[in-house]
Amino acid sequence: MANISCNDIVKSYGGHPVIEGLDLDIPDHEFVVFLGPSGCGKSTMLRMIAGLEEVTGGRIAIGGTDVTDLPPGERGVAMVFQSYALYPHMSVADNITFGLRRQGASRSEIAPRLTQVAELLGLEKFLDRKPKNLSGGQQQRVAMARAMIKTPQVFLFDEPLSNLDAKLREKLRTEIRKIHMQLKTTTIFVTHDQLEAMTIADRIVLMRDGRIEQMGTPDEIYERPATRFVADFIGTPAMNFVSAEIAAGDRLVAHGEGMTLELSRDVFPDLAPGQRVELGLRPARMDLCAPDARNVISGSVVLVENMGAEGQVITEVAGREVSFVTQSFRDLSPGDPVTFAISPDHIHVFDPSTGRSLRRN
Amino acid sequence: MANISCNDIVKSYGGHPVIEGLDLDIPDHEFVVFLGPSGCGKSTMLRMIAGLEEVTGGRIAIGGTDVTDLPPGERGVAMVFQSYALYPHMSVADNITFGLRRQGASRSEIAPRLTQVAELLGLEKFLDRKPKNLSGGQQQRVAMARAMIKTPQVFLFDEPLSNLDAKLREKLRTEIRKIHMQLKTTTIFVTHDQLEAMTIADRIVLMRDGRIEQMGTPDEIYERPATRFVADFIGTPAMNFVSAEIAAGDRLVAHGEGMTLELSRDVFPDLAPGQRVELGLRPARMDLCAPDARNVISGSVVLVENMGAEGQVITEVAGREVSFVTQSFRDLSPGDPVTFAISPDHIHVFDPSTGRSLRRN
Amino acid sequence: QDEMACKGEVPTLNVIGQGMPAVTALDDKLSEFNEKWDTEVRITMLGENERRAKARLDASTGAGAYQVLYIDEANLAEYVSAGWVYPLGEVVPESYDIGDFRTDLSNVATVDGVQYFAPFVGGGDVMMYRTDLLEEAGIEPPATLDEMVAAIKTLDEADNGAHGWSARGQRGSGMNVWRWTPFFRAMGGEWLDDGGMPAFNGEAGVEATELYTELMDYAPPGIATFNWSDSVEAFRGGQVAILIESDVFGPWMEDPEKSSIVGKVGYAPPPDPLPSAGWAHGWAVSKVGASDDCTKTVAGDFVGWATSKEMEQRRLEAGIASDVGRTSTLQSDAFKELVPQDYIDALLETGPKTDLLIMTSPVWPEIGDTLGLTLEEIFSGTRDDVQAALDEAAFFAEDSLMRLK
Amino acid sequence: MTRKRFVTLTLVPAIGLLATLALVSIAGAVWFAVMNRTLRSPDYDFVGAYNFLRLLRDRRFFNALEISAIWEAVTVAGTLALAVFLAVLIFETVKKPLYRNLICFAFLVPVLLPRVAAAFIWRFLYSPSLGVLNYLCGLVGIGPVEFLADPSLALISVAAVDIWQWGLFFTVILLKLLETLPRDPIEAAMLDNARTWEIHAFVTLPMLKGPLISLALVKAVESLRSFDLIFVMTGGGPGTATETLDLYAYQMGINMGGRISYASAMSLLLLVVTTVAFTIIWKAGKKWAS
Amino acid sequence: MGKLISATLTRAVLAVLIVVALGPILWTVLGAFKELRDIVTPVPKLFFEPTLENFATILRNPTIRDGLLNSVIVVSAAVLVGAVLGIPAAHTLARHARKWGDDVQFFVLSLRFMPPVAIAIPFIVIYLDLGIYDTLFGLVLVYLIVTVSTVIWLAVPAFERVPRDIEEAAAMEGCGPAEIFWRFSLPVAAPSLFGALVFTFVLVWNELLLALTLAAQNATLPVVAASITSLGKEVPWGVINAATVLLVLPPLVFIGLLMGLLNTMVRSGPK
C-alpha cells in the first residue's frame, strides 16, 4: 500500500515524445482508472510506473521512495499486461504461482491461494494446460490471476477485462472492487470501457496525447467535464455539440442551429450576451416530451438504434444530426417527427476556441 | 458475397470436444454476431470457417460450395484475428496492403484505398512504423485495416474492437455497419460487448459450451430470451432471478421471495396455478415508482453504482439482492427504503428445472 | 632422343610434398622444369600426417592423382611390398647419378638391394650438450652410455634451472619409438626372432624401456608426451643439458634468430654403445599415378631434377644448409662455409654408426604405433609392469605380422 | 501451389539427396566391414562378422568407447554451461548493440580457427616449459602442470580447448536467441520479483528449450568427430587416455594400420551405439521440452 | 549504492572473462609478430621487436591463396545449396509434418553419427568411378550431407518459434505454403536462422579429413593449415600464428556481412 507520485514525466521513443511533462499524484488506497483514446500513452505510463520502461525525464515515487531507478521487481507492484505476457512454457498453475514461488512462499501457503483465485476467475479446469491451448479470454484471466494472487503495494491493470464477456467482466469488476475494499491496495486500472471506468474508479485520469486532460471522480468527469474533449469522450452515445450564441435578455438563453435552449445562470454566471459558445447535449439526458415542454427540440427521426432496454434515436434538426436516448424507441421509425427536451441543468457549455468548459461551479 | 452453412460441426482438441454437433445457416448478406462466454468456442468456429482449423466432423459450405477441405486462401474470406497476427517484419502500410499487392492490384489502385482505410481507422501517422512500435489499440486497428481494405465473399471479425476506446469503437462499429450496408458482404463478428452485438447485428448467435443456445435478431434475444442462460447473459446490469409460484385466481400472479407480481396472460397462456417458476426481472426495465403503483417491489438500498446518466441501485428485498436502474440514483443512499416497479410485459418466466422460457408467443 | 617425345604429353605432374626446405626451395625453379617438358608441376604441400594418409590413400584406392609420392623410412617397406612405387633406377635417368646420394640415406631408401626413392633429407643421431653447463659442473662430454647417464643425473641436480635430459615421449613409430630404438638396439635387441616372430619384448626391450623411463625423471615436465619439436625446443630454449636427436637439428642451435644457446652447444656422436638411427625422406615415382610411359618418364625426370647435385648447390647458394642428400654436397666448400666445423665433425663421426634401426616390414607403421602407445603408457605412469606391457605390444605385432601373409 | 506439392517439393530434394548420400556411405561401410580389406594390399576376402567379433575383444576399442563417452559428456556439458553463463551475463550487462556485436565477433574467432592451428596454439600454451599457462601457474606458485602429459588431466585439457572454441561460439548463438525472445514474459517475470538469474533459469532458458536441445545434439554430434584436435594435441595419449573412437578409427583405418575394414566395422558399431543413445536422449528431450 | 557496486562487479567479471576467453587469440596475434626466439622462451615475452616476416612467409606461399579460393568456393557452394535445400525442408518439417516430422528430423541428424573415416573410403572409390575425385564439385557433394542436415536440424526449431497466427493471417490472404514460407516465416525466423547458417559454415570451413581424402590438388584451407604446421622439421610457431590470424579473417568478413544483412533486414533488439 502506498501513494504514487509522478513528477514531470517525459517519455520519448527515438526523439518522438509520447508523454510530455505529466504530473500525477495518487493517494494511498485509491483506485484510479486511466482512460483515454487508443495510443494516448496509458500503457506507457503504466509501464513506466512498473519500471518496465525507462523514463526519459522526471521522477516517480512509490510510497515516498524514489523508485525511478529501481528495477521492476523491487517496486512492489503487480501488473496485468495488455498482451497477457503469459509464460508460454509453463502450465497455467505455474504461471499463476510463479511470483509467489519466487518469493519463497511454501507449498502449503500457495495451494489454497491458487485454488481461491482459480475459482474466482473460473480457471479450475485449465490449471494443467499450457497457455497456447486456451481461448483469448481464458488467457486474459490467467494474466489476471497471476497478479491477483499476490499482495503488492500497488496493482497495475492494463485493460485486464477487454477480452471477457459482459457477464464475466461485471463479475470480475465487482471482485476487483471488493478485493480493493478489503486490501486497500493502491490500484491503477487502464480500460477503454467507460462504464467500467465509471463504476470501478475512485478517480478517473483522462488522458489525451500524453497529457492529463482531466482528473476527477467519475461524477465530476461525467457531469462536469472540463473540456469539450472530455465531454465528447465520456458517455455513450456520444454528446451532441451545437454552436450557439448567447441571447440578450433576462433569462440565460442560447440560440443555435434550429434550437433555443435555456441555460442555468447559477452554473454559467459569466456568459455574456452575444458570446459564441458550443453547447453539449448528452443523448442520455434528453428524452421524448410533449411539444410544449421547456427546452424542447424538434426534428425528424433518421435512424433508431436498439440498445436493449433503450434505443438511440438519431434525428435531423435543422440539417444536422442530434441523437437522444429513449426507452420508447420501438414506436419510432425513420421519418417520424419527434420532439424531445433537456433540462437546463444538463446542458454543457464550452468555449469554441479553447474547448474549455465555461462552467463556473 | 455468399451464404455460409455449417452442418453438424464437431471439433475436439485431443479427444476433448469443444464444439459438439453445431448447425448454423447464415443467409447471404447477413451480419451475424457470435456472442457467448469466454471459452465457449467462438474463435474456434470462426477459425474453422476460415479454414485455419480442421473440423473434426461435419461440413462447411460457403456460397453453396463445400469448402471443408479447401485451404484458407481459397475460401474468399478475410479475417481479423483476436491476437492481431500482424506481420512483424513489415511496416503498417505493407501489412495493410499486402493482400491487395498479392492479388496484383496496381499501385494506383492501392494507394487511395490505403489512404481511405488508414484515415478511417486513424492510422495515417503510423503507416511507416513496425507493429511492435504501436500501442495495443493501434495494432488492433491495423489488423482491422488489413481486412477492411479487401473485398472478400465473407468477413470474419474476431473481437476486432476489444482494445479500442468507446468513442473509436462506436465510430468503427458504425463504419463497419455502413460498409456492410454498401457491400452487403456476409459477415461474422465475434464480440463480448453486448451493446456492440445489439447495435450491429442482423442476427445474434448466442453460444454456450460449443452449442448454439439461441439464434435471433437482437430484439428477440433481448426481449424473448429462449433460456434463462440467455436472459442472464444478455443485458447489463444482469437480470434478477426470483423463484416464485403461480397463484390461483383470475389474474395471472406469481408470488415469490417478498414480492407479488402480475404477469401477462397473453404471453404466458400455459402457466397453471401452483406451478413453480423462475421470474426474470431486468433492472433496466424497472424504475422507482410510487408505493401504490402496480407490480411494486419494495426494499432497502444496499449500494448505488454510478453508470453516468443512470445508476444501478442494488436493494435488499426479503433477504436477497435485487437491482434496478434509475436516472435519479443520486438522491439515494444505502439504507434508504425504496419502491420500484416493473410492467407485466417485461417479466420473463422460466422453467426452474430446464431453464427454458415459458413464453408462448 | 626419344625421351623428349613425351614433351607436352603430360599436361600436369602432381607431386606430394611436405614443407621441407628442399621442397619449398623448388618453388621458384619449377618454371625451368615446366618449360622443359611443357608441363605444369603442382606440388601439394601437406602436413606430415596428412601427407602419409594422402599418399597411402591415393595409391591404395587406385586414385592415382599423384605421380610423385613423398616417402620416408617408416613406410618404405609398405609401399614397396604393395608395389606402389617404381625402383628409382627404372625411372630416374642415369645422368642424375644415383650413386652420388649419401650412402646412409641410400641405405634407408633401399629394400632388398633396390633403391626406391631419391632422398633429399635425412641423417642419423648426434648427441648435443651444453658446453657451458658441463664446464660449470666440471664434467667431460660423455663417451659412453653409462657416463652419459651419470652426467645427466649430476646436471639435473645442479642448481642452474636446467634439466639433465630430454627425449621424445609421445607415442608413434616416428616419435618415442624412434628414440627408444637406439637404446633397444644398444642392449642387443632384435625386432624379430628367427621364426619371424616379434622379439622386442625380450630382456633388451625391458632394459631399454627401464633406462629410457628412468632418464625421463631428469627431463622437463610433460616429457611423456613430448614430440621432437617439444624436445628440441626445450633444448634450444636453454632448459636441457644433454640431448640425443637427429643430426639435422644441429644447425638450429646455431641460428641466432631462434636459438638462445648459440655457441654454447657441443656436438658428438651418440655415446657407445648407442647406435645412430638413420632416416630419410625423398621422392619416388608412383606406379598408380604414373602408369603410362610418358608420365613415368616425366615423373622420373622430375625426381632426378629436384634432387640433383645442381639443385643442392643452388640451395646452398641460397643459404639453405639443412637438407643435404648427396655426398658431393657434403664435401663441397659451399656447405662447409655454412655449417660449424664442430658439427660436420660430429656428422662424419656418426656416419658409420648410422643404420636403419626400425623393423623393415610393411606392417611397421601399425606395430610401431602400438609399441609407441605402450611406451607412452609406461612413460606417463599409466602402466608400470614393463614386461607385461611389451608382451602385449608384441602380441599385437604378431597379429599384424600374421595378417601380412 | 497446394500444400502437398509444397511438402513434396521442399522435402524430396533435400531428404532424397541426404538419403542417397547416406545410403552410399553406409552401404560402403557395410561392404568394407564384412571384408578384410587393408590399404596395403589390393586383395581382400569376405570375412563375415569377423571384424565385429574381433572388436568385442579389443581392449583399445572399449577404452576408446569409454573415452568417447566421457569426452561427449564433458564437451557437451561444458560447452553449454559456458555458453549459457556467458550469454546470460552479456545479455544482462552489455546493452549497447555495438558492444554486443563486437563481443559476438570476437567470440566467433576461436571456432573459425582451423582446428589444426588451434590445436597447435593450445599445445604450445599448455607446454610445461614454454607455455604461458604454466608460466602463469608458476606465478601463483603451482606447477609446472603437465596438462597434456598427465593422464588424469590430458582429456580435460583437450576438452577445455574444444569447450573454448565451441562454448564461445554457442554464446553468440544463444545471445542471438535470447534477443529474439518476446519481451513480455521477461517483463512479467521481473514484476514477479524474480532475480535476474531466476528470470533466465525459469523463463528465458526454458522458453529456449527446443533450440537448446537441438544445439546440444549437434554439438554432441560434432564432438563425435574431434580427431583433428586430439590428434594434434596428444595423438590420443598419454597412453590411450585421450583416444576417442573416431581417433582410433582414423589411426586404424588410415593413419597407421590402413585396416579400413576394421575401421568401418568400428564406425558401424559407433553408428549403432550413437543412434540408440541419441534416440533415447532426443525422445526424452522432446518430451521434456513440450 | 549496493546495486551500483554489484553492477560494476558483474561488469568487471564480464570484462575479465572476455579477456580470458580471448586470451589465446590475443596471444596468437602477438605471436604472429614474434620471431621464433621470442616465442620459445620459458618466460613469456610481452615486449619484443615485432617482425612481419611470418606474414611474409605465409603470403609468399601460393598454396594459401589457392586454398583460400578453393575453400571459399566449396564452402559457399555447400552452405548455399545446404540453405536452399535445407531451409524450406525445415519449414515443412516444422509446419506441415506433424506426425513424422520428428523422425525425419532425427534421421537427418543421424546421418552424421558415422566417423568421416568410414565415409571417406567408399566415397573415394565411388568418386573415382564417377570421375569427380579431386574436384571441387565432389567436395561440395559430400559437404552437402553436413550442410543440409545441419541446416535442417537447426532451422526446424527456428521455424517452430515463428508465431503461428502470422502464417495463418498470410494463409487468409490467399498465400500458398510456398509464399507463406518465403515472405513470412523466413523473414521472421531470419535472426534465428543466422545461428544455423554460421554453424553450418563453421563446420565445413574447418572440415579436414574429407577435404584431405577426396581432393588432391584442390586442397582447402584446413589442409593448407595442416601443411603449414610442418614446414620442415621445425615447428614454425610464428608462421602458424600468422597463418592462423590470416585464415580467420575471410570467414570473419563473411559473418560480418551476414550479420549486417540480418541487421538491416530485421531490426531486432529490446522493445
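Chains: A, B, C, D and E, in written order; residue numbering restarts at 1 for each.
Here is the rule we use: a contact is a pair of C-beta atoms (placed from the backbone, for glycine too) under 8 Å apart; a residue touches a chain by one contact, two chains touch by 3 or more.
For clarity, every value in this text was computed on a predicted model and none was experimentally measured.
Steps from subunit D to subunit E, minimised over paths through touching chains, total 1.
Any chain touching subunit A that also touches subunit C appears here: D.
Across the structure, the highest number of inter-chain C-beta contacts is found for D-E.
Farthest chain from subunit A, judged by C-alpha centroids: C. Relative to the C-alpha centre of subunit B, the farthest chain centre belongs to C. If you average the CA atoms of subunit A and of subunit E, the two centres end up 56 Å from each other. With each centre defined as the average position of its C-alpha atoms, the distance from subunit B to subunit D rounds to 59 Å.
Rounded to a whole number, the gap between the C-alpha centres of subunit C and subunit E is 37 angstrom. Among the residues of subunit B, those in touch with two or more other chains are 71, 83, 133.
In subunit C, the positions touching at least two other chains are 47, 49, 53, 57, 61-62, 233, 237, 239.
Contact of a single residue of subunit D with at least two other chains is seen at positions 2-3, 116, 129-130, 254. Across the assembly, chains come into contact as A-B, A-D, B-E, C-D, C-E, D-E. Across the complex, subunit D is touched by residues 7, 10-11, 13-14, 17-18, 21-22, 24-25, 27-28, 31, 39-44, 85-86, 88-89, 91-93, 96-97, 102, 104, 106, 108-123, 125-126, 141-142, 144-145, 148-150, 152-154, 156-158, 160-161, 176-178, 181, 191-192, 194-195, 198-199, 202-203, 205-206, 208-209, 213, 221-222, 225-226, 228-229, 235, 237, 240-241, 243-244, 247-248, 251-252, 255-256, 259, 268-271 of subunit E. Listed in rising order, the residues of subunit E touching subunit B in the complex are 163, 165-166, 168-176, 179, 184, 187-188, 265-267, 271. The residues of subunit E lying in touch with subunit C in their complex are 35-37, 40-42, 61-63, 120-121, 124-125, 128, 133-134, 208, 212-213, 216-217, 219, 223-224, 226-235. Of all residues in subunit B, only 13, 35-39, 43-44, 82-83, 122, 133-138, 140-141, 159, 162-170, 192-195, 198-199, 218-219, 222, 232-238, 282, 284-285, 305-310, 312, 325 touch subunit A in the complex they form. Subunit D makes touch with subunit C in their complex at residues 36, 38-42, 116, 127-130, 134, 143-151, 154, 231, 234-241, 251-252, 254-259.
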